[in-house]
Structure formats: structure tokens, C-alpha cells
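Next come two complexes, and both contain subunit A; in the first it sits with subunit B, in the second with subunit C.
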Partner chain A sequence: MDIVVCVKTNPDLEMVRVKDRVAQTEGVPYKIGDLEKNALEAAVALREAGAAAKVTALCLAEGNRKAAEDIKTALAMGADEAVVVDDPALADPDEAAVAAALAAAVKKIGACDLLLFGEGSSDNYTGQVGARVAELLGLPQIGYARKVEAADGAVRCERSMDDMIETVEAPLPAAVTVVSEINEPRIPGLMQIMKAKSKPLQVWSLADLGLEAPAPVREIVSNLAKEQDRKHIVFEGTAAEQADAFVDALTREGVLGR
Partner chain B sequence: MERVECIVVGGGLAGLSAAYGLAEAGVEVMVLERGDYSGAKNVTGGRLYLKPIRDIYPELWDEAPFERPVARELVTMMAEGAHTTVEIASDRFTAGAPQSYTVLRARLDQWLAEKVMEKGAMVVPNMKVDELLREDGRVIGIRAGEDEIGADVVVVAEGVLRLLSSAAGLATQPKARHHALGYKEVIELPPGVIEDRWHLNPGEGAAQLFMGECTKGMMGGAFLYTNRESISLGIVVGMEDMRRRRDGTESWQLLDEFKELPQIRPLVAGGTVAEYSAHAIPEGGISQVPRLAGDGYLVAGDAAGFCLNALVTVRGMDFAVAAGHLAAEAIKRAKAAGDFSAAGLASYEGSLRSSFVLRDLETARTIPSFMENPRLFTHYPRAVARLLESVYTVDERPQDGLVKKAWKSVRRDFLNVATVKDAWSARRI
Partner chain C sequence: MDFRYTTEQEMYRQAIREWLTKNLEPRARAIDEAEAGIPTDITEGMAELGMFGVTIPEEYGGMPLPDEERLIYAMITVHEIARADLSMSTPVYTLLTIGWSYIVNRYGTEELKQELLPAVAAGKAFAGINTTEPGGGSDLAAITTIAPWSEEKQAYIMNGEKAYVSGPKECEKWGPPSGHCTLVKTDPEQSYKGFTFIWVPAHLPGISYTTYKDMGRMGLSTGGWIYKDVELPKKYVLGEEGKGFYVNMDGFNAARVLVAAACLGGAEKGLEISAEYTAQRKTFGKPLGKWEGISFEMVDDWMQLDMLKLNLLRGAWMIGQEHTNPGQFGRKEINKVISTCKCLAPTLCHDIARHGMIYHGAFGYTKDTPLEMLLRGVMSYEVGAEGGLMIMRGIIARDEWGETHNPFKD
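Up next, the complex of A and B:
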């Protein structure tokens, strides 16, 4: 069984500062998303358990000009090969364009019995890409997986639901999106990092995949949370007077006493 | 055991400079950096004196992400409630090729790490080296976690604390009295505001040092460097002086109190603190430089004690780059001769001795002991500030003539047994 893990890199959120309500991403390094690391770990664990033969990490650069460097972390974590799709036309793609490129890349990779994703990316977390790629490839999809087992041409997953755990089985090939409970991703040691250097890594363009530049179907007007106007009322006097005035004000606003 | 030709421990300026020179010559080199990226752990003030190292890797510096060339030098001597600032400005500081630049190391070191990788070296961040591996007294590689990697030669550029080299017995453990503690804030201000506050032409920078009241009489001082869109403001205090202090003052409070001084507050007003950091600084001078080369290893940068505080000029980064370069040259010679023993690597120390690195440290040999004199940080800054305060004072009393006013102050503060003794001990600086 061969596994392809779709991996997104995003700016290291711990290092992003916000200035005048705008995220400052200049100079912020990219890293592999948290849930993608879970997906990678799940794939490598399946291979180590003898359930899979090969693990390929597939990454869409999405404007990260060092994606081919950053994906080496996936190789150090145990992936056997890596493929990066890097194309200027995909600098800031929407989910449909991401899914189309990933689906085409999975087809080009060829052997893929199990396709793994993180449930959502660490930056935007739209949670769409796994399901979209599965649909494009005509694969059954299992979401919110907290456990993945593969045997006898089928994948069996435990799904983490709000108030229950659901066990679902699907025939291979299939797509699975995982949640963080599934495992604790390994931190690669120096030896793994050194070995990753010589593992196969290919960079493809959209033309290599036979795709045209996607037409943008969305326009982001703003992704900021709505700003709340504050009342800026200062209550003065003794504690009791302040409390009374405060309760009066809340009552006037209709917050209390409805 | 997996092997590479050269392992560099520490991805700061010394380590990266060595790796750059080695990778350029086709030596297989791997840099191991403990921080999330090169520069992540650095707290340098700071200012890089580029002039001494411009001819080392000349192709690099034109595109380096420096902040501002330093056009104005300011020294402020502080008494309680009074201070005197001296400005030193020269066209020659910035004309043509500026002699020094302010830098933010997070930016500079990351950039240099990328240049090193472009030359073919491997730079591995987030990698803490736990041990220098030794066999029969010879350094044969490193251990990081469970992984042991062998190398023909290890460049130890691990920084001021010398954790690995002292654990391996290659250097003595650093002592508090040879070190200072630095605290720094990076405070964001718009470029126009910076240029207005420090009277700068667009793009030019200022460096300001403060002595006296700011360290409460302890060895040290405060510094301020203007970056492109921020200032680096910090305070440095001798560890031993701090350790001996019994009044409950915590070292980190010094910077907060400094920022609150009426003469500093307007300089930082409206700024946003973007970073806060602290670090140890080698102040021991050449007497604390360890053995620089041995079987299978070389030492460079802060780990080698290559730092020089000459009161008005503070250097270390130029030494680091130069030492890294000379380490690379020595390793290339050792590789050609197939001899990585102490004898094969001995040319490193020789070339450091004939370079400005050990020459300037040798010239400054007496400065660290001279700086143990507390009057330097108490009496003199106060005396200068008081002298000029008295000259500029006008009140209802009949005024002495200018010379008489000054003379009174000079006689009181500068002509006594202690100051004459200080002048005598300062003659060799």
C-alpha cells in the first residue's frame, strides 16, 4: 500500500505579530501545519507497522518560496519521497484551486492507496481541501479520524464526534482527514535530518500537471473580525455608587432586566 | 557513525562565517543552531563595525540587511538629575563605505544563514548539541540527542556560556566577574520619528552610549541604537557588581528605571516594545581567551571571548566574522595537508595574532581590570555632568567668572589623589 500525505506549510503563527490589525508576515519562516504533522506521523507509523510500503509527502507551495526546503522536515519525519507543486499562478489560491492541483498531482504520482490530510490547515482552517480532493478523485472520504488502520484492502477509522466515537470502514483507495488526537508527531533527530537531504524531492509546475492557471473565484474584501465600538463610560464615586450607576447603564442598554 | 567533514556548533556570525568560507571551498559542512533560526537567540545591541571586515567576503556586504549606517555618535554622562551629552559626528563615518551599521541580528543572521546554504552548506536550526565527543583527547564529533555525528574538525562557535567546551575540558567555566549581563528592548518607532529625535538625515543612524547614574554606580552602561523602524535600547551591568549588590535591586529593573528617566522618556515616547531579551556578554578581554585550536577543533566568536568593550567602542561581531573566516582558512589548509591535529590547525591562532582580532584585544589587555574601578561609573560621569552644570548655572548670587567656575569644579572633582591614580593607571589604555 502506498500513502500520499498532503502537507501545507504556513507562516509560523507563533512568530506572526499583529500591527494596526494587520498580520506582519514579512520574514516569518514557514513550517508544516500541526495537523499535517499528525497526518505524516500516521502515515509513517502505518509504514513502520508494515501496513504501507511508501509514504510520499505532497506540498503545494502557495507562495512559500522556500517550500522545497521546508518540506524536508516531512522527509526527516519519515516520508520516503516528497513532491512540491510550485507555480506563481498558485501564490494565493482558493480551496478549489488547491484541490484541483493536489488531485492532479496525486494522479501524476500514480500509486496511491491511501490519501491523508490534516482536518484543516493551521492558518485558515477552512477544512475543505481533503473533501474536495476526495470528490475530484472519486474516493470515499473519512473525516475527523482519531485512529487509522489499514488491512485487507480497506481502511478502518475511529472518528472523533462531539459525543461519541464512530468507527467507519472504507475500501481502498480512500481519503482520510485526521485530527490532533490521533498521535504525537515525532521531532526528527539530526541523523534523520541528514538522511532527508538525499531522499527524492521533485518540484512540479502547473504545466507539469497539465493544468492551466486557475481563474480566481473569490475576492477577499476583509478577513478581519468586526471591530466592536466600546462605550467608554467611566463610573465615579464610591464602590456602591459605581455599582448602582453600572447596573442603571446596563438596564438602559437592555442588557439587564429584560 | 555518520560523518561529515566539518561540523560548526552555533549558527551565529562566527559559525556562519566559518561555514560560508568552507562551503565556498567545497568542504562538506553542517551548521547546528540551537534556536528556531540563526539569530533567534541573539541579543546584540547592536552595531557592526564593517570597516575591519569589508574585504572578507566582499561580495556579501552590499546586499546585507543592515539597519542604518551610523552617522552620529553620542556619549551621555549622567549624574543624578543632570547629564552631559557629547556628540561626535564626522563625514568620514559614513562617506563612501560607512564604517559601522546598526543591525538587528534576527534579520542579519537569517540572511547570512541563507547565503551559507546557497553555498551548499547544511544549516540545521532547532538542533541543540549536547556534547562534544572526544577520543584520546581529540574532538571527533558531536552528540545531539541520541545521534552521534563524526567530523574531521568541529568549529566551536557555541557562544558566551561555553557549555560544551567547558564540559569537554577545552576551556574553563566562565566566571561571573568576567561577564556582564545585558538587557535589551526593541522599540518600534516610525522612521521619520527616529530621524527627527536623533537629528538624522533619512536612512542614517545614531549610536548613543550612557554612563553613570543609569547603572547605579555598577560597572556597565546603557546603549541606544537606531534601526530602520525601531530603536534598540538596553542596559549592561557587570555580573559581579550585580551579584554583590545587597539592596534588592534586580538587574532587569535597571532597564525599566532607565526608560523612566526624564531624559530618556521622550526618546521612547509613543514607541511599541516589540522584543525583550537578555544575554551574557564576555568582558574578560584577552586574558579570558581559551586555547583556540586543539586536536580536531577550533573555537571562535563569543565562545573564544572575542569581545572588546573599550568604553566608547563596543566590538564583537566584526571579530566573529573575521575569526570565522580565519577558522575556515585554517581548516582548508589542514584539509590540504590531511592533518586535523592541533599542529595541523595551529595556523588559526597564528593568523588571529597577526589580524586585528587578537591585536586589538592585546592592545586592550588592561581595559577589563581598569573597568573594575568603580569611579569610572560613578565619580567621573557625575563630575563631568556637574562641571558643565555649574558652568551653565545662573542664579541671583554674584557669579564667578567662567574659568573660576570651571576651575572650582575641576579642583574638587578631578584633582585629588584618587583621580591622579586613575589617570596613571589609564595611561596604557
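Up next, the complex of A and C:
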């Protein structure tokens, strides 16, 4: 079984500053997203357990000029090969364009029995890409996976739902998007980092994938979070009366007594 | 010319920062207070990521790095550890071990390298430096520990006393092959030419130690050694007999890179703590950071820190280049760059810790901030260790202006 893990690099959120409610990403270094690291760890663990033969990390640069450098972290974490799709026409793509490019790259890679994604990216977290790529490739998709096992031509996952855990199975090839509970991603040591230097890494353009520059289908009206303010309620009376009024207010807000 | 880390160096830096922030930083205060050494699970985790193997070739269990980059990797390692453990315990433990292993690899016999280096790379041995004596450390020519060769025993017979040495308890914890690179007089009649630099395993018969109570870096022991008729076979000689002074000085240059790295790592973190606090803490209606009395002092510290980081990278690079392809730089050139870093970095780190404590007010005087721990820890590098600050100035005066300004010769 061969696994392809779609790995997005995001601006390092710890270094992003916010000005007038807008994230300032200029000059901020990129790094592999947290959930993508979970997906990578899951893939490498499957290979180490003997359930997979090869793990390929696939990254769409999306404006990260150092994507071909940053993806080496995935190789150090245990991926066998890496492919970066880097094209000026994909500097700030919408989810449809990302999915189209990833699907074409997966086809070009060829062998792919299991396609893994993080449930959402660390920056925009639309959570759309895994499902879109699965649809384009005609693969069954399992979301919110907190456990992934593969055997006998099928993938079996535990799905993390709000109040229950669901176990589902799909025939391979299949696409799975994972959540953070699935594992603790390994931190690569220096030996793994140096070994990653000699692992195969290819950089493809849209033309290599037989694609043209995508026409945007998304228009961002606003991606700002709703502004929040305090309610400025002042309780009066004795301490006991204030406490009662406070509990009443919390109950009305639905914070208590649910 | 490229002032950036390579992709692999940067990946390594990020990886160990992630591990150290998660595993070492939350325990730094406990390490300082327990005075019981670096916890074994910490050294094991560090070894797993390759931190103890950066200066050791792969054939001895170390890391597959280009030789000319080994000291840069060591510098990155120590800098990042110092950011995580502001008590300076873990950074000093590590810098001694990987720094003096670098010298053992460069000057040691094949037998010694096989005996020592795999255990160091695995994080299961301590390696240190042992030159200072009760009579002093800066005036190395005056040391009195002797080890003349005995034909009968086929060994150097060592007698004397060393003082203010890091790591006696650590040597006891790990057992053989832990020990120290040690400067002795194999020809007591001679001056500089009588010195030999030699590896002294701490477990040999005739060796005993005492410990001192330090003011800082409490997770690493300091003590004194007493040697009585200790037999040291030839395999332990580092470099050539009679050339110990020069081997020792070469070792000091490598070690001083790492000492400065520890001080700059601590300084960088200390300044970050101050930046965060002065952004949040408001007085008279505005954050402390808006008061130029504070922010300009922070800028002065930042400027020195930035310049020293660059100069240290240059020094580590020069030594790596010279060791792999000799003849590129003269000894004096390297001495000046390294001595500059070793002279200024401890004081800058001290200043940053002290300034930060003052920005924090009474809070800064408590053990709820790690700044007092940094201040206590870094002072060990102001009072001495790998060369006192005045010795660094003396080296620069000598190597820049020659004999008219050489304080070491009348």
C-alpha cells in the first residue's frame, strides 16, 4: 500500500501580528501545519507497522517561496519522497484550485492507495480540501479520523464525533482527513534531518500537471471574526442578592443549567 | 557569503527548540532547586535528537555532519538549550561535554576515541575540562600538577590538585568513561614546553573529589580533584607530549564559542521575557515599553546581542574551516574573534537579566520569574571558566598589537 499525505505549509501563527483585525503575514516564515503533521505521523506509523510500503508528502506551495525547503521537515519526519507543486498562478488559490492541483498531482504520482489530509489547515481551516480532492478522484472519504488502520484492501477509522466515536470502513483507495487526537507527531532528530537530504524531492508546475491557471471561483467578502464585547451588567444589593442575580444571568445566557 | 543557517541547520534548530520548550523549559526551575543534576530522561531525550553527537563523527556514534559545520551545530545546540534552561545548568553540562569531545576527536588516540565518544554521543558520559588549581586558573603556566612518565609502570604518574572543576558528581553518576581533559606537567623542569594535555577518566584509582556550594547553575556540580599516584597510560594523551599548552588553547577556543552561545541563548530569552512583560505591564496609563528609558535600554541590549550572535557564528565558522582545511586563518585572527565573544557575551547576558529584573520591579526579585536564576547562572562565566574576562582582553591586546601590549610577558 502506498500513501500520499497532502501537507500544507502555513505562516507560523506564533509570529503573525494582527493590525486592524487583519493578520499581517509579510515576512513571516512558513511551517508545516499541525494537523498535517498528525497526518504525516499516521502515515509513517502505518509504514513502520508494515501496513504501507511508501509515504509521499505532497505540498502545494501556495505562495510560500521556500516550500521546497520547508517540505524537507516532512522527509525528516519519515516520508520517503516529496513532491511540491509550485506555480505563480497558484500563489493565493481558492479551495477549488487547490483541490484541482492536488488531485492532478496525486494522479501523476500514480500509486496512491490511501490519501491523508489534516482535517483543516492551521491558517484558514476551511476543511474543504480533503473532501474536494476525494470527490475529484472519485474516492470514498472519511473525515474526523482519530484512528486509522489499513488491512485487506480496506481502511478502518474511528471518527471523533461530538458525543460519540463512530467506527467506519471504506475500500481502498480512499481519502481520510485526521484530527489532532490521532497521535503525537514525532520531532525529527538530527540523524533523520541529515538523511532527509538524500530523499527524492520533485518540484512540479501546473504545466507539468497538464493544468492551466485556474479562474477563481471564490470571492472573499470578509473573513474577520465577529467583534465581541462585554455585556457590562452590574449587579447590586447584598452579596447574596448579587450572587442570585449573577446565577440567573448565567442561566439566561445558557452558561448554566444546560 | 551567506549569513543564514543552512536548511538542515535551521530544521535542527526548530526541532530542538520544539522539544526543549516542551520538555526542558518547564523543568528548569525544578532542576535549579533540586540541586540533583540534570534528570536522566532529559539527557536521554537530548541524545535521541542527536544533541550530544554533533561534534562526534558517525563512526564513533555521532552525527553525519560536514566536519566544518560541527561547531556551528554545537553552537545552535547550546544556544537553544540555554533558552530553555535559564539556570545555565543544562547548557553548561552540554557545552562541556560536546565541546571537549570535539577536542578529544581532534587530538585523541584511536583507542581513547573508541572508549569515550560513543558513550558521550549516547548521552551516557560526561566530558569536562580540568585546568584550574587552588593556586589559580588564569596563570596556567604556574600550575603544579605533575605527571612524569614512568618506564616501570608504562604510565604517566599524576600527583596534584585541581579546583573549581565542573562535573565531579556527573562523572560519578555516569561512571566510566566520564572524565576531564586535564593540563599537567609531564616535564616539571620545563615551562610551557613541559605541559601535556591528557584525558583523565574520573574513576581511576588514586582520584578523589570534594564539591563546592555555588551561587547558581545548581543542576551541575562543581568541585575539586585530588590526584595521588594516578596512573595514566599513553592512550590518554591529547596531541603530543610537551605540546599540551597549545592543544589546551585550541580546545579553549572551541569551548569559548559554546560558552558564548550559552550566554547569548540566555540573553535572547531574557530579553524576550522583558519584551513580553513591558508590553503588558502598564504604568501611568501606558505600557512600560512606551517609556524610552526602558525601551532604549532594551534596544541597546538587543543591538549588542545581534552583533555578538553574528560574530559568534563567524568564529564558529572560522574554527570549522581552519580545522578541516588548515592554513586559512592564523591563530591570532581566531583568538581575537572568539575572545571578543567570550568577553562580551557573559556581561551582556548578566546586564539583560539585571535590566529585566528591574523592569519587573519587586516581581523581578522573586523566583516567579526566571531572571534571577539567569543572573546567578551566568555569573559563573563572568568570574572565570574557559578564561576570565580580563584574560580575554589580554589575548586581544597581545594578538592585535603584539608584544608591546602583551600582558602575559614582561
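The rule we apply is simple: the second predicted complex is superposed on the first by the 224 of 258 C-alpha atoms of A that agree within 3 Å, B and C clash if a C-alpha of one lies under 4 Å from a C-alpha of the other, contacts with A are read in each partner's own complex, and residues count from 1 in each chain.
In this text, contacts are C-beta pairs under 8 Å (C-beta built on N, C-alpha and C of every residue); 3 or more make two chains touch, one makes a residue touch a chain.
All values reported here derive from a predicted model rather than from experimental measurement.
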item	value
Clash or fit, subunit B versus subunit C on superposed subunit A	clash
Which superposed partner A:179 touches (first subunit B, second subunit C, both, neither)	neither
Contacts of A:191 with subunit B and subunit C, given as first, second, both or neither	both
First (subunit B), second (subunit C), both or neither touched by A:27	first
Which superposed partner A:72 touches (first subunit B, second subunit C, both, neither)	second
Superposed model, subunit B segment overlapping subunit C, candidates 92-100, 290-298 or 398-406	290-298
Residues of subunit A contacting subunit B in one complex and subunit C in the other	69, 189-191, 193-194, 197
Residue numbers on subunit A that touch subunit B, as the complex places them	12, 15, 17, 19, 27, 29, 69, 189-191, 193-194, 197
Touching residues (chain side subunit B, partner subunit A) in the complex	2, 4, 30, 32, 36-37, 106-107, 110, 117, 122, 124, 127, 144-147, 149, 188, 272, 274
Complex interface listing, subunit A residues touching subunit C	31, 69, 72-73, 76, 187-191, 193-194, 196-197
Touching residues (chain side subunit C, partner subunit A) in the complex	7-8, 11-12, 14-15, 18-19, 48-51, 53-54, 63-65, 73
